[in-house]
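Two complexes are shown next, each including subunit A; its partner changes from subunit B in the first to subunit C in the second.
On to the complex of A and B.
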């Protein structure tokens, strides 16, 4: 068994780390505080130029074709510096992969190169609705056939990157009579399409630099050729593609957790109380040991899921396990890190409070921890019945 | 036009260094490795020249060391070098700058390189001898510590950093060798597609035994951390006495009161 990264994967990890350290870390706090959208977009443009938007996308569509392991380690390194940038990267990669997996050749050639090259600053994944979160098949946005067009009506919420996305993958009900989940289809909707309205931006707890918006469809007409995949096959597509996205979010959480533990551990070796470095107290040593052990377990779970996906094995259970464990251990790492810094950790003079806010969403979006447990247990119980 | 850039892989300088069992160099176990920073400036400048000259130029990268140096070589290929030579030597760290320069000169002597780029020095050994020694062995003109570079019509215009912030400009005819200093350029990040494409570029492996014919001229006798400084001096007595003692120390041991 070989657990080392390949030379190419190491170089991609190094490039991501160097970029994160040089370009993202110095501005991450500023992005968090001020919502300097221009700065975020400039960094995304540079990352696209370096090939970070289509890590697991074929070269012919402008992708890097570096695989899923490379995607995972890259997202982790970016997230160590800036979770907002990392989530945008993760979603962009996921949209590229959805189009690559189910789009026709024309759709692939039309959209994937624009996302990979940075011509589109971002791309949107529009599934969630007010009444359809963990249960996306309960969605109510509709697409009604009208000659050679579909007319979309309804709304989506919590759409990452909506104000600067060039294209959205949108799910809508195309057959109201069909059983639940059997009448949903998937569409590619370009930004600026009449009737597509970018709604209000959410005021979130963390990941401030990444915009999260409502998306409204008011008689939004798209050509019938905008449908991606087969009619009424959309729900299956969504479920399949979210699985890959979970590796991205788990990797992001790992990066935030590592940033928190690295910062707090360094702090503990410098801070003196009772006449000694606080790292000499066993209470803190155990936090260091537990924090890093959990993050290492997260990393191995993520590498396993990424490797299985890259090698064409089943990976749904493994991706859910990795996402569940990495995101929850990242939250625990941030909790420990703040405890180690004491009152300073609670102030904005140190980055731990930002890491804590940024980590919190990871066990919620792209499938809550509870949904991951549902998927994992269902897969396991199937083998026992 | 044939270009060569020589690179060295060095430990990340944030590593914790421990002497090896012989106490002659650092223990390499568990270190993270990177390309020598000065070599990154050399690579960037060589790649910029390669781009300026187009397909009439060929840029080769060379590194001496164990298998791990291939990672640094691949980074250079991803940054834009055309091909590479890996001189395989698990014991490169024990060789002195004279031997390293001799190995490179032995490889380069019949290859007709017009211009060779090296870092000003390595971040670990820091001798700053390899570049100039290669130039001497090959009979090339040479300029060191470059902070500016231009090439036109067979002439290199090199801006050099001198002491005290003063700059000098020298012009060199090819064949020439230049050593590169911080501030020369900002090395590019290798793009991910180029990292993947670097897999297809040729890396020629050569055995060091076929190129090394000289004995070392210098031997590293010892590698150690600086001795811990003793604690400060605590003066005792009444104030008059303390002041006298302090003035005495400042006069004897410092330049403050001279």
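On to the complex of A and C.
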């Protein structure tokens, strides 16, 4: 058993870390406060240029073909500096992967290189609806066949990167009579398609620089060739791809948790109270020990899930376990970090309050902690029945 | 035209400590990095390559594990990377080092393409002498332009280069015919990040190794034998005590002014 990263994976981690330290960390607070969209897009363009948009995508489509473990460590390094940039990166990679997994050759050649090269600043994953969150099969957006076209009507919500995405993977109901989840299909919809409207941007608690919008379809006509995968087979695709996305979000949460613990631990070795550094108090030593132990456990769970995916093993339960544990331990790490900084941690002069806000969503999006527990327990209980 | 960049693998001195008992560097577990000034030399060479289409070769003298440094240069886009490595090169001072580097440049000039520019960092962060670049220039009889913070113009057909040199409190614009050796400062540029696919390709790429059977240098002029100087002692410089200016509580504005005056006088504030 070999738990170390390969030479290649270390190089990718190293490249991501250098970029994050040099380009993202200095502007992360500014991005959080001012939502400087231009700056975010400029950084995304640079990351695309370096090869980070299609880490697990074949070279023939412009990807880096570096694997899932490399993807995970890269997202963690980027998130240590800027969670908003990391989530955009994670979703872009996920969209590349879904097109690679189920798109036909023409669709792959048309869209993946544009995402990988940065020609499209981002790509969107449009599944969630107001009435279909944890239960996506309850969606109501419709795609009605009209000759060689499908006409989409309905709306999506919480769509990451919507205003600057070049293409969206959109799920819609194509057979209303079919049993739940059996009548959904998947489409590729380009930005600017008439009838595709980018709705209002949500005012979120954190991850401010990443835009999250409503998406409206008002008689949005797409050619029948825009369908990805088989008719009425879309729900299975969504479930499969969300599983991979969980590795991305878990890795992101790990990065935020590490950033919080690193900052607060350094602070504890400098801050003096009662005539001594506060790191000399056992109360803080235990926070350091617990925080880093949980993050290390997160890392190993993520590496396991990523390795299994990379090597063609089943990884649904492992990805859920990693996502569940990494996101919740990142939240706990932020809580501890703020305790360690005391009142200063609660101010915007220090990054801990930003980490706390950025971490909070990770145990909600890409499947809530409760949904992860459902997936995990269902798979375990199956073995006992 | 060929541009040769001289780079060195150095311990990350931000992480180096000196053993208080033996007075030697604690090298255990210290990561190696490309000498930071050299990364700016490399970047400038790559920019000239992007602009003029000239070729870039990176050379480094060091032990076999210095190959990692050259692979980083390959990942950034240099055309050729050569490690100058041989036991007889070891223990070299700046004179012996510049003999080996100059010989390698001569060989590249003869066998690859006419060398127009040699770029070096202004100094290394471990040796800190700033002598190797000028040493190479004098061995090769090239023009030497040190402390360059800007290449003002490069005229390849007229064989002329004009640069800005960063001196204390002033800049000097100088012009020289090619071939020339430049040592560069950090202000020259902002180094690019290596692209992931190129870094991965560099893992597989091979770095040429030239030993003394290739360079055929007189052993009296290289390595320990060719080094008239040696390190007799290493010590941590005493930390110079800072000073307390004015009284920040009684007169914050006046104190701030004093501080700014002081920093301006020391050329520590960008204007």
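Keep in mind that, in the parts below, the second predicted complex is superposed on the first by the 385 of 385 C-alpha atoms of A that agree within 3 Å, B and C clash if a C-alpha of one lies under 4 Å from a C-alpha of the other, contacts with A are read in each partner's own complex, and residues count from 1 in each chain.
Assume a residue touches a chain if its C-beta (ideal position, glycine included) is under 8 Å from a C-beta of that chain, and two chains touch if they have at least 3 such contacts.
Computed from a predicted structure; not experimentally measured.
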Joint occupancy of subunit A by subunit B and subunit C, clash or fit: clash
Touching partner for A:18 - first (subunit B), second (subunit C), both, neither: both
Subunit B versus subunit C as contact partner of A:8, first or second or both or neither: both
Touched partner set for A:64, first subunit B, second subunit C, both or neither: both
Touched partner set for A:106, first subunit B, second subunit C, both or neither: neither
Touched partner set for A:51, first subunit B, second subunit C, both or neither: both
Touching both subunit B and subunit C, residues of subunit A: 7-8, 11-12, 15, 18-19, 49-52, 55, 59, 64, 66
Touch list for subunit B against partner subunit A, complex: 34, 70-71, 74-75, 78, 189-196, 198-199
In the complex, subunit A residues that touch subunit B: 7-8, 10-12, 14-15, 18-19, 49-52, 55, 59, 64-66, 70
Contacting residues of subunit C [partner subunit A, same complex]: 193-197, 199-200, 203
Complex contacts: residues of subunit A adjacent to subunit C: 7-8, 11-12, 15, 18-19, 22, 46, 49-52, 55, 59, 64, 66
